[in-house]
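Same chain, two partners: chain A is paired with chain B first, then with chain C.
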Partner chain A sequence: MKRFKNLAIPYLVWLILLVVVPLLVMFVLTFMSTNGTDLTTAIFSIDSYKRMLDPSIYKALWNSLYVAGITVIICILLGYPVAYFISFSHLKNKKLFLLLLILPMWSNSMLRIVSWLRLLSTEGLAALNLVGTDAAVIFVTVTTYLPFMIFPIYTVLEKLDRSLLEASADLGVPSFKTFFKVTVPLSLSGVSSGVLMVFLPAATGFAISQTIGQGKVRLIGNLLQSVFEKNNYNFGSLLSIFVSVMILALVAAFSLFGKRREN
Partner chain B sequence: MLEKNSWKGKVIGALKAIFVALVFSLMYIPIFIIIYQSFNKTANSISPLAWGGFTLKNYVEIFTNRQLYTSILDSLLVSLWTTFIATVAGLFSSIGINALNRKARKAMDTLNNIPMLNSEIVTGISLMIIFSLLKPIFPQIFGFTSMFLAHVFFTIPYVILMVLPKLEQQDESLFEAAQDLGCSPAKALFKVIIPSLSTAILMGALIAFTLSIDDFVISFYTQGNGFSNFSNYVYSSYTKKNFSAGSYAFNALLTFVTLAIVLFISLKTSKKERKAK
Partner chain C sequence: MARKILELKGVTKKYGENVILDKFNLSINENEFVTFLGPSGCGKTTTLRIIAGFETMNEGQLLLDGVEIESLPAHKRPINTVFQKYALFPHLNVYDNIAFGLRNNVFSNVYDIGAMNMMEKYGFEEEEIDSLMKKLTFIEKPKDVKKYLIETFSNESVTFKVEDVFKANKKAKTYAEVKDEVNALLNSPASVEDNAPIKNAKETILNGLKEKDVYYKMVTAIKDRHFKEDVIKEEVTEALKLVNLSGYENREITSMSGGQMQRIAIARAIVNKPRILLLDEPLSALDLKLRKAMRLELREMQKKLGITFIFVTHDQEEAMVMSDTIVVMNQGEIEQIGRPEDIYNTPVNRFVSTFIGEANIFRGVYPEARRLNMLGKTFKVSAHDFMPNDPIYVIIEKEDFDICSTDIAKLIGTVKTCKFKEGQYEIDVQIDDKTIKIISEDKLNVGDEVGLTVAPGNIYCEDIKENKAKILANFDDANILEGTYVGNQYVSFLGQNFKTYITTFIPGEVVDAVIRPEDFDLELDDLSKAIIVGTVTKTVFTGVTFEIWVDVNGSTLKVSDYQNVEVGDQIGLKVDFYEIHLMKVADEYQPLEIQQIRAKAREEALLESESEDETL
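The block that comes next holds the complex of A and B.
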């Protein structure tokens, strides 16, 4: 099938046009002061870099890491046991559970967020003043991304060789010890892909923090959005590159950690 | 191991079931609210979730609120075209990538991963920048074209993710056998290789459609000229406080239809299984 090599060329061109070129354009924009993307009136400026000293950026960044980090931890604490109980249950219809897990995702995510907001601002619950707090943002983020944690863990647990657990039991190891010494280490690959699938969208989203946070919870996504709303493409580009570099560094560190553990 | 029938085992089993039910309810509460609101007379207001009486008016609104049904049709238009084009493009790109030598392959894999790993907001912004640079040449680019191209861009990697691993497991000798029997390479590709990938292709198409129809952030940056999608209609109408409860009705309707399809299929397969026995 080696002769079909050329079929990769259009996609390569497409990726260069839509991944590499925008990155270069953004990089150029960071050194300029422009009106939107109008390059005819551009002048050289390092204002964008000066603005990177603004502490509010790092506050938003910290908020993002905090909200996404807590979200991930809660998703593991809720998702791992669910995946584990379903995978190790004696139920005949495990597929039904998978279906039940997918079904909520077929409802529009924006509308689900709006529904939470309506519920949280209903009398009784409204007295708790949850709307506009970190806690509410984290809660809604958890419910939105929880399936992305349960899925990969469940898949790995299903593939786990049950005879290993029996062997451990036969050797007289108590079952909770088997769980922590055998099951958990062998399912870490599922946990780590779940962590990435939850952390990245949770840290960079802006819809939940905007609606549930009512503008009081400012994450890096909200900052980016407001900068582009004000038509500042120069600082916005720098901030975008900054966010991308952070993400790529995080993913690289994560996969490096995973490789080291495998060895 | 605990005895299955001991009272201790039973209690633990019940606790497990309660835990699973609680976690699932977290994901289902919004769905129930959507269905509840779809029949609620006062769902349109900004007022809390109070029950204002039963109505089907919200369902009528799907067909009468122009902004709402335009956004639904726009969503469908973009997602159906995206699914079709991204699946075809992803399939042929996978075949191309599969044929590359190891070094080129690795570079391609890295590039292909970027749209999946990068945050949606940065993807949306960088596409918006490219489209606004193209605007002087194509004044009408914002709207269907920009949103469609953006959706194709972020869904192709997922199609490749589904198809490429299956292609790697493919037995090369099948392809050679077809050629020995007189097929041209292209014919062997269409008659032997592609049919054997059908499950992976279908999965890829399904993921592409699901991601496309639900997308908010990337569409937020690539909408324009009055062309938007359902997620963005919900967001902007909710912020502007002219939100239509028809949105709940539309979403509830979709839930009912998918539930009916799922039930129908599972009933049919269980009947088949019973017959097989």
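The block that comes next holds the complex of A and C.
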């Protein structure tokens, strides 16, 4: 195996150059005041840290968690039954149905978002004044990320040993109770990876909130984008690191919760 | 007399054009160990799944205690299954797995069980418990059972009645005002002074009553919100004890070995107190050593629980060792039903004889303690509970033959075939006119001479005339007559001597003579040609044959024949000597001398085996 070790070197270089070094640069930048990325005029400054006290940041953070949280809940409620029915159906070609589900994802996501904007602004729908509301942002986020919820759940349900359900029926438990006592607990691992796969992009994305939200729904992603657009790399770096840490903490808490449940 | 518990009538199962079961008829008795034996694809697992309720049938009837259960879904049948790969819930620990049925069953009988346990604890009469349990079986929901129990017990409880008296007389100040009413309810007057304040009197009397009133105690226990879990805990602990896994409650399923999972699966099924336990090739995933141990354990468990086991296997040895009755199946039909020794001794057709012949089953004689004569040789065996010269049949696993050089070998044979299968060689060895199957790591050349030995502990012996307490499926409504073995192939019952084919009882020994109704022949013309003469008391036409009840000197015989007779007629019966079967009867029913002879023989056999153990 030893000679294959060398094959890992390119990836190591990749990681160092494109992950570790930028992170370090970002960390250093947070303590400076620079003009863009021009380090020649850099001076030491903790202005960025002072700006972190601005309540608009926490408003945006809260908005992100709120939109992503609701999105995840809706995705579970919509995605679990879809995965369940496809997996437990007697269809000959389950794969075809899954293919239909991911078919829209073959087109560019930006295109889909813009199409939704157009759709929501058409004459009939415009009267509902949906554009620029939380509801519209959440709706489009759900349509974008729903497949990411369905797939992990479907995979777990496919692997679920059907004899366990027979065993439950054999022990006198009717099917609706079996669903909650056997199927749900054994598919939670699929749900939890679905949650991560939906929550992370939903909380950090900015395209949907910007396009559908029309600047009225400000998420942490929008904030980051606008800061970098204004060439403020120092505050941008700090905010990026802050968001990364927040997400890391969330993921850690989530997996810790999952592990404790398992024990 | 054995009672039918389950009947399959004309069961047909098709998958498209493919007929899996074809007009399958079978009846299974209570407290019987039945094995469905057959090659893969013979329909045995499908039959089991139909009984469990996982498969529907295209035609036919499924009757439990005479009641149609075909329309009941699996979760409503009092039948539990041990699955081939156990199907234990990986997200629950051992305790929760076993408690799963009791907790979640919509018709959970936790309260029934709890009430029964308590009544047993408080020393109620068996009849009283039974009558309550019978009433409870008509109440479906556990919630209603609880309500019914509380109501019934409360009505019996003196404490509650006295409490009611005090409640009805809230305004009373002294005990004197309620004294008569209270004393009318009590066996002996309460020792409370008349002028005592009512509050104190109430407390004294009720506290005194609560201590002794078992009904009050039972009601409080049932009302307790932990009652259900307490009962479940008791039952799970009991079930774990039965499968020898006490103390494993909190282990994770994933940390258990195959043998342990097997036991948990059994415990999970039997804790629900099913009428019938279905076992779908449960031993196939275990290694040989464990498999052999589990066979005996399952057999013991069935005897201890006293419920019907239906066991599915393709392994002939397994079926022969474990079963009361074997149902040999092939291509969706029953080839033969019978006791293991019947299947082996008198296979009804070529399929049965070939299929059973694939197993290493031999006829032998037990000449003396710990010896076996088989294939013209004498072997040492570890079994020691036979009488000298008992005919026995012998089962040896293919894996248990050891190959050795011909000069020290017990058996010498010629290699007939040698096939490679799953990492081992399956070898047929011809010894005289018998083919033995063995398994070896090494390849042997066809035509070579090979020597074989078997360790004494690996020779399984079974008494051919062993008394199975239960009457078996094909002996369903046989006549069982108490008799005495006269000696010299004669047995006496109904006040007469009859010739029999069995030679192995001690003269004077009490035996059961068994004759099937259809084995009798009627003799209507010349009664002097008949061997039994009796009076007809009743006849019933079953559609094909007449069932005739004949009174012979006060005992009733059941006869089945194609011709009818009139009630009150004198008729003669004939029966061939080989159709009179004799069964061993337990020691306690034997005359004293026979008991002594049997005990002595057993003791000698034991002593000899012990002395042999020392020399080994």
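Keep in mind that, in the parts below, the second predicted complex is superposed on the first by the 263 of 263 C-alpha atoms of A that agree within 3 Å, B and C clash if a C-alpha of one lies under 4 Å from a C-alpha of the other, contacts with A are read in each partner's own complex, and residues count from 1 in each chain.
As a working rule, contacts are C-beta pairs under 8 Å (C-beta built on N, C-alpha and C of every residue); 3 or more make two chains touch, one makes a residue touch a chain.
Quantities reported herein were computed from a predicted structural model and do not represent experimental measurements.
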{"item": "Which of chain B and chain C A:G194 touches, first, second, both or neither", "value": "neither"}
{"item": "Chain B versus chain C as contact partner of A:P152, first or second or both or neither", "value": "neither"}
{"item": "Chain A residues touched by each partner, larger count belonging to chain B or chain C", "value": "B"}
{"item": "Chain B versus chain C as contact partner of A:S163, first or second or both or neither", "value": "second"}
{"item": "Chain B versus chain C as contact partner of A:F4, first or second or both or neither", "value": "first"}
{"item": "First, second, both or neither for A:P174, with chain B first and chain C second", "value": "second"}
{"item": "Which of chain B and chain C A:L248 touches, first, second, both or neither", "value": "first"}
{"item": "Chain B and chain C contact sites that coincide on chain A, given as residue numbers", "value": "169, 175"}
{"item": "Residue ranges of chain A in contact with chain B within the complex", "value": "1-12, 14-19, 21-23, 25-26, 29, 36-37, 78-79, 81-82, 85-86, 89, 96, 99-101, 103-116, 118-119, 121-123, 126, 142-143, 146-147, 169, 175, 200-201, 203-207, 211, 221, 224-225, 228, 233, 236-237, 240, 243-244, 247-248, 251"}
{"item": "Complex interface listing, chain A residues touching chain C", "value": "161, 163-164, 166-175, 177, 181-182, 185-186"}
{"item": "Residue ranges of chain B touching chain A (in the complex, touch as defined)", "value": "1-2, 16-17, 19-20, 23-24, 26-31, 33-34, 37, 48-50, 89, 92-93, 95-100, 104, 108, 111-112, 114-115, 117-122, 125-130, 132-133, 153, 156, 170, 172, 175, 185, 189, 193, 210, 214, 216-217, 221, 230-232, 234-235, 238, 243, 247-248, 251, 254-255, 258-259, 262, 266"}
{"item": "Residues of chain C touching chain A in the complex", "value": "52-54, 73-76, 79-81, 83, 85, 87-91, 100-101, 104-108, 268-269, 272"}
